[in-house]
Amino acid sequence: MDFGLSERAQDYRERVARFVRTEIEPVEADYHRQVRESDDPWRPQPLLAELQRRARAEGLWNLFMPDETHGVGLTHLEYAPLAEEMGRSFLAPHAFNCNAPDTGNMEVLATYGTAAQREQWLEPLLAAEIRSAFCMTEPDVASSDATNMAATAVIDDDDVVVNGVKWWSTGVGHPSCELLIFMGLTDPGADRHARHTMVLVPRSTPGVTVRRALSTMGLYDEPFGHGEVSFDDVRVPLSSVVAGPGRAFEIAQGRLGPGRVHHCMRLVGLAERALELALERGTTRVAFGKPLVNLGGNRERIADARIAIEQLRLLVLKTAWLLDTRGLAGALSEVSQIKVAAPRVAQDVVDMAMQLHGGAGLSQDFPLAAAWASARSLRLADGPDEVHRGVVARLELEPYLNRGTGVSSRDRS
Amino acid sequence: MDFGLSERAQDYRERVARFVRTEIEPVEADYHRQVRESDDPWRPQPLLAELQRRARAEGLWNLFMPDETHGVGLTHLEYAPLAEEMGRSFLAPHAFNCNAPDTGNMEVLATYGTAAQREQWLEPLLAAEIRSAFCMTEPDVASSDATNMAATAVIDDDDVVVNGVKWWSTGVGHPSCELLIFMGLTDPGADRHARHTMVLVPRSTPGVTVRRALSTMGLYDEPFGHGEVSFDDVRVPLSSVVAGPGRAFEIAQGRLGPGRVHHCMRLVGLAERALELALERGTTRVAFGKPLVNLGGNRERIADARIAIEQLRLLVLKTAWLLDTRGLAGALSEVSQIKVAAPRVAQDVVDMAMQLHGGAGLSQDFPLAAAWASARSLRLADGPDEVHRGVVARLELEPYLNRGTGVSSRDRS
Amino acid sequence: MDFGLSERAQDYRERVARFVRTEIEPVEADYHRQVRESDDPWRPQPLLAELQRRARAEGLWNLFMPDETHGVGLTHLEYAPLAEEMGRSFLAPHAFNCNAPDTGNMEVLATYGTAAQREQWLEPLLAAEIRSAFCMTEPDVASSDATNMAATAVIDDDDVVVNGVKWWSTGVGHPSCELLIFMGLTDPGADRHARHTMVLVPRSTPGVTVRRALSTMGLYDEPFGHGEVSFDDVRVPLSSVVAGPGRAFEIAQGRLGPGRVHHCMRLVGLAERALELALERGTTRVAFGKPLVNLGGNRERIADARIAIEQLRLLVLKTAWLLDTRGLAGALSEVSQIKVAAPRVAQDVVDMAMQLHGGAGLSQDFPLAAAWASARSLRLADGPDEVHRGVVARLELEPYLNRGTGVSSRDRS
Amino acid sequence: MDFGLSERAQDYRERVARFVRTEIEPVEADYHRQVRESDDPWRPQPLLAELQRRARAEGLWNLFMPDETHGVGLTHLEYAPLAEEMGRSFLAPHAFNCNAPDTGNMEVLATYGTAAQREQWLEPLLAAEIRSAFCMTEPDVASSDATNMAATAVIDDDDVVVNGVKWWSTGVGHPSCELLIFMGLTDPGADRHARHTMVLVPRSTPGVTVRRALSTMGLYDEPFGHGEVSFDDVRVPLSSVVAGPGRAFEIAQGRLGPGRVHHCMRLVGLAERALELALERGTTRVAFGKPLVNLGGNRERIADARIAIEQLRLLVLKTAWLLDTRGLAGALSEVSQIKVAAPRVAQDVVDMAMQLHGGAGLSQDFPLAAAWASARSLRLADGPDEVHRGVVARLELEPYLNRGTGVSSRDRS
């Protein structure tokens, strides 16, 4: 057991950390003000493209890709600390081309895509020339149970015909978003996890309509956004299917492990950032003749934040290590564990930081409101807490319930 | 001891409840969509004025005013259940002309205003012809310690000259907002609570600038808003002073007790509404073959919400009763107790309801995000939790620390 | 609505409070030391009998009895504040002859007993000449589901034959414990709540064996204790049945409402006592140059304790009022609500007080360890938290689930 | 970074785990019953000596000693998982001669003892022929501030004269306890951390009186116990001083890092054991027609326990690694972090397990009550939570407060 970073990981971490702190954080507030004051907040600000150009020039580009062809060949464990650094700022994952859902979409294309699919979609995504969305969640059913999905992807000769309404399609508001990865029901009679198909749908295909943008806690995250998208008899060639009909769950499963590690490490970074803001504010504001940190329980809350973050980080890192050494099957419980723990810790640390900032903490003057919304939404996105707790409990119960009591651990009640 | 409502209170409660549920709640979503889709969200929508007209016609108008001249003579205890009903909807307090900060401002004018001040400002406020703001909190100092206030109100012969920057001036964004009640430092050498003066400043006075609107969790609460307002050599006649120079804290204190009871009862109503939404969603959405309420710990969370709300409501009602029977001095601890408890309970119940709603709960499709922001901001507005806990602890400690140990209970550390 | 006590209730409260503080609390530590150092801790100490004599002489006797024949005719709402005072000390309920389970047993006998049963058992219980136990919970089944009960009470001509093992039979260790009220299965084919019978079993009946005393958190509560009792072919005359065969649940139900109000009000008193101890210790011990209350978050914790206690007390009082004005059927949810809330609040306040006492707080030098054990065990006794949360949720859900969705609110999962 | 155990650590872990599960756990209940039913619970039961004999024979002896002379040369990181296994049972640390405070005392003697001191005391301790106690905490002062210590160790020519009252001297009740390591004030004028001296006091020295045994939550932990010990003019030769006068704090500091890692890893094991018991009970007891784990929020609570334990374990392991690689100075914050986190997690998991066990969980039938008491007391022993939070916060604040604001991070308020 060794808790030190490898030299290579340490080197990347320092470079990413430096970039985030010196190139991104200082311009963050300006960027958000520009978006806010723009006559069209959905028009991308040039600042982000400039950051991308610089990050790419420094070799800090597509670092999430585990292979050496598209990325630099970092393991999940090596990438995790970089994701933490990127989590400090809303802009950072975009600057390094490491933002969801493009990351997951690129991984899907790299792993399951045909040569043609990769050329058409993966190359421009890796170059950040286009953006993409992932269309899975639906407004009319409880998506916590993914088998509830009602949208359809029907094979019709050489075509696939796609119908349904999706929402929380992140990134769909961006003018460069050209690819929608759609999941729909193909064979209702097949096995529960072999019914659905993943289809690459160009956004410009007739029948695709972005109905509206959804806000989270009042925020629209322009120019990326979270959209509600309807697909009305959208017809694309059969070559748009990923991997083959009925394989959507298998593919989705594959992207979940790393994706959740990324999300959770970013949340660790978000929590660290919030704690730093709290320390900064708490030591520079004075009330009742003392800096805020010296009043009441504030020091205890700072300690509790530190204690929570340290524990969380280690569990996320261990999960990354499990993915590297045992694959998803060997990390099932841990992936769900961090998915429960990380948003909760981040949310609580951000809330503490908000409180130390007074009204300012809730306003546009600090990144805390957006940070809270981000942490809060991750208690739902990619599976609500309750579902992940259910997975953890099921795996815990397996050795007990499979002892011939006749009670199955799958009985989720 | 008797936990039943008086007949008169019961009658008003039913009338207000009916109005909220049949006139307001059904149009709420439309109203917010109109604001959101308006080319100018700061232009008032006619719908609210129409609701006001109807509420007034039904005699449900200015019910918060404790006297029979301006209101109908309800005690705090009788009004509290009405505030609860109004708390269910963002629109309701406005519809009944019972919204903060106009309520507090009207009370100040009724209690401390001269005949001229009352005629100029109180009458149109009671008629909802104009709106008002309260300018106390400042961006550059920790307002948790109100004596930190840096803005000035200098007496200059027959004038008062007002300078400083205020923020979180709620309502200042409304085009009808014509009156700003300003608090500033007049006599730095006076006793700690006799240094500040309250001044009635017409918004149109030269030197008054609403610099920008502040968001809470991304929401601007248009068309009322929360503004940052600068006062640069703003000169008004001495007759604009309320009650007399140096009396601002005394006046502010008087408005806090009832104001906090109103806030807290509205939060009880907000929590009730959120619980209703949770019950509705939880019984109609299905996942894993069961309605959501029958999954995992959802029923326990619903029970916990109910248990928390019931306890909270009783404490707020008792506080109202203490204000009625013993005055603010006899309710000091309780006023601070509810100010800590109410936003916390409301925030937690809303969070639970959000979780049951999935992503929808965070979006503009349900009033939960706005409800959360409202509850969260009340953990800071009108004194942060920490200050109120300090008051409760100080009163608790008084009999122990004043036993000659030489340790004063005022020592806030 | 009126939060003041009636004059009569106020008078009793003051008398009980004075007795507890001047007669009981000062001798409490001595009493416990005597028990601890006795060569036989199960032999009653004379001190308690002396306290009973004095309380009775002052007319503070059997105050829990709602009728004027056996008690003084206090309503539940009037008695509740007395129960709070009694909750401050382990000894107090015994001193006033208001301790469980004798209280509930006396109520059962008064309400359902025949004249002969009352003469034989009720009279000596009212005079504290004998003690009694209630034998319901069983070691081999989950008693959270009372219909699990496996012990039997079989009618055999003019006799009832009782078999089974019961535990947590509180009070059974006392040498004066002469009466065991036993619940057992009589008619397995009857309706779910009409299967069981309540039987008065003299402890001296052949076949009754107190196997052992159970500890709660290491404490045996001598000389009362909590026993495991086996009944082996215990034969008593049919006249020992209470009310009639099959009526056990009906009778048990009747004693639960008031019993839970008593428990919960005593827990309020226990929490108050713990808070007082915390304040005393926190203002007199010094560390790092300050009294403990002025360190870190201690004042906040004191405030939180006060806020929790105030809310809890009001809910218990309201529940008592509902029992008085609407009966158990009108207080079902509230009775379960307080049963969840009260032990939790008491446990948390006691834990906070312990922490302020350092190691001493866990030791025999303070009543805090026993207080914690008492509060903790009430999260299980009389129905575990989870069952009561289930009741609250079920009642909350009833209007939603009975709308024709086909989902019954009784489905407890 | 690598989360796998070394082969050697893995081998020891498996051997210790096997021993605990097959030799210790099966006899644990019997052992405690024997103690309970013994006419003298302070007389050691032969069973423990037998376990020690077997463990020693298997080479599982003194594993905590970091050197190869006395132990087998395990690093802190290698020993930590063994401590976890030992934490599962009250008996286990004793069986392996790895129990506090003997472990810390042995380390002190090995590091600071003279050859004579080592021969007289260390050898028999390593052989478990004698037991020892550590006498530091005092009843009359807040020991959270160790500089409060009032006992004295006065140098008088060739003697040291020791006076004072100590308590929570763990192990002092054991008949083989022959050595007391005493801390007392020698030079009040010296620097704050150079005033106290550590003295080896044979228990049989005239003037040493074990006044009484202290209980934690009603439990006395016989035959080891926690004693109150008075030292009245206890005179021992100067050669009994450890390391030299005034060095007590330096020595105490050295034993704290490893000691806390041991405590915390044992708490991880305790929590694991409690979770296992919960899973066992929850899958075998049935209520309302389902195994308990399938009712309400029970699965969520099991998941939360797992998530908390995993995070905690990693932080304790990392702390052990820091001690190995950077020494105590490089692990200061982490040592305090785990000291806050571990007892809290263990306490909560045990509480959850208790609740699933119903009344049985609080009784002597399960090790849960003792486990709770153990976890709870560690929120106070070795420094209360509040002090450790203070250390964590201070280290967090250092870079902020030392920026010339004039506010020192040492200002603990």
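Chains: A, B, C and D, in written order; residue numbering restarts at 1 for each.
As a convention for this text, a contact is a pair of C-beta atoms (placed from the backbone, for glycine too) under 8 Å apart; a residue touches a chain by one contact, two chains touch by 3 or more.
The structure displayed is predicted, hence computed values, not measured ones.
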Comparing A-C with C-D, the one with more C-beta contacts is C-D
Report the chain whose CA-based centre is farthest from the CA-based centre of chain C.
A
Gap in Å, rounded to a whole number, between the CA centres of chain C and chain B:
42
In whole angstrom, what separates the CA-based centres of chain A and chain C?
52
Rounded Å distance, chain C centre to chain D centre (Cα mean):
37
Where in chain C do residues touch two or more other chains at once?
290, 294-297, 299-300, 386, 389-390, 412-413
Along chain D, where are the residues that touch chain A in the complex?
1-6, 9, 77, 275, 279-280, 282-284, 290-291, 293-295, 299-300, 302-304, 306-307, 310-312, 314-315, 317-318, 321-322, 325, 333-334, 336-337, 340-341, 386, 388-394, 396-397, 400-401, 403, 405, 407, 411-413
Of all residues in chain A, which touch chain B in the complex?
137, 139, 141-145, 148, 167-168, 214-219, 285-288, 290, 292, 294-298, 354-355, 358-365, 369-370, 372-373, 376-377, 379-381, 384-386, 389-390, 412-413
Mind pulling up the chain C residues that touch chain A in the complex?
296-297, 299-301, 413
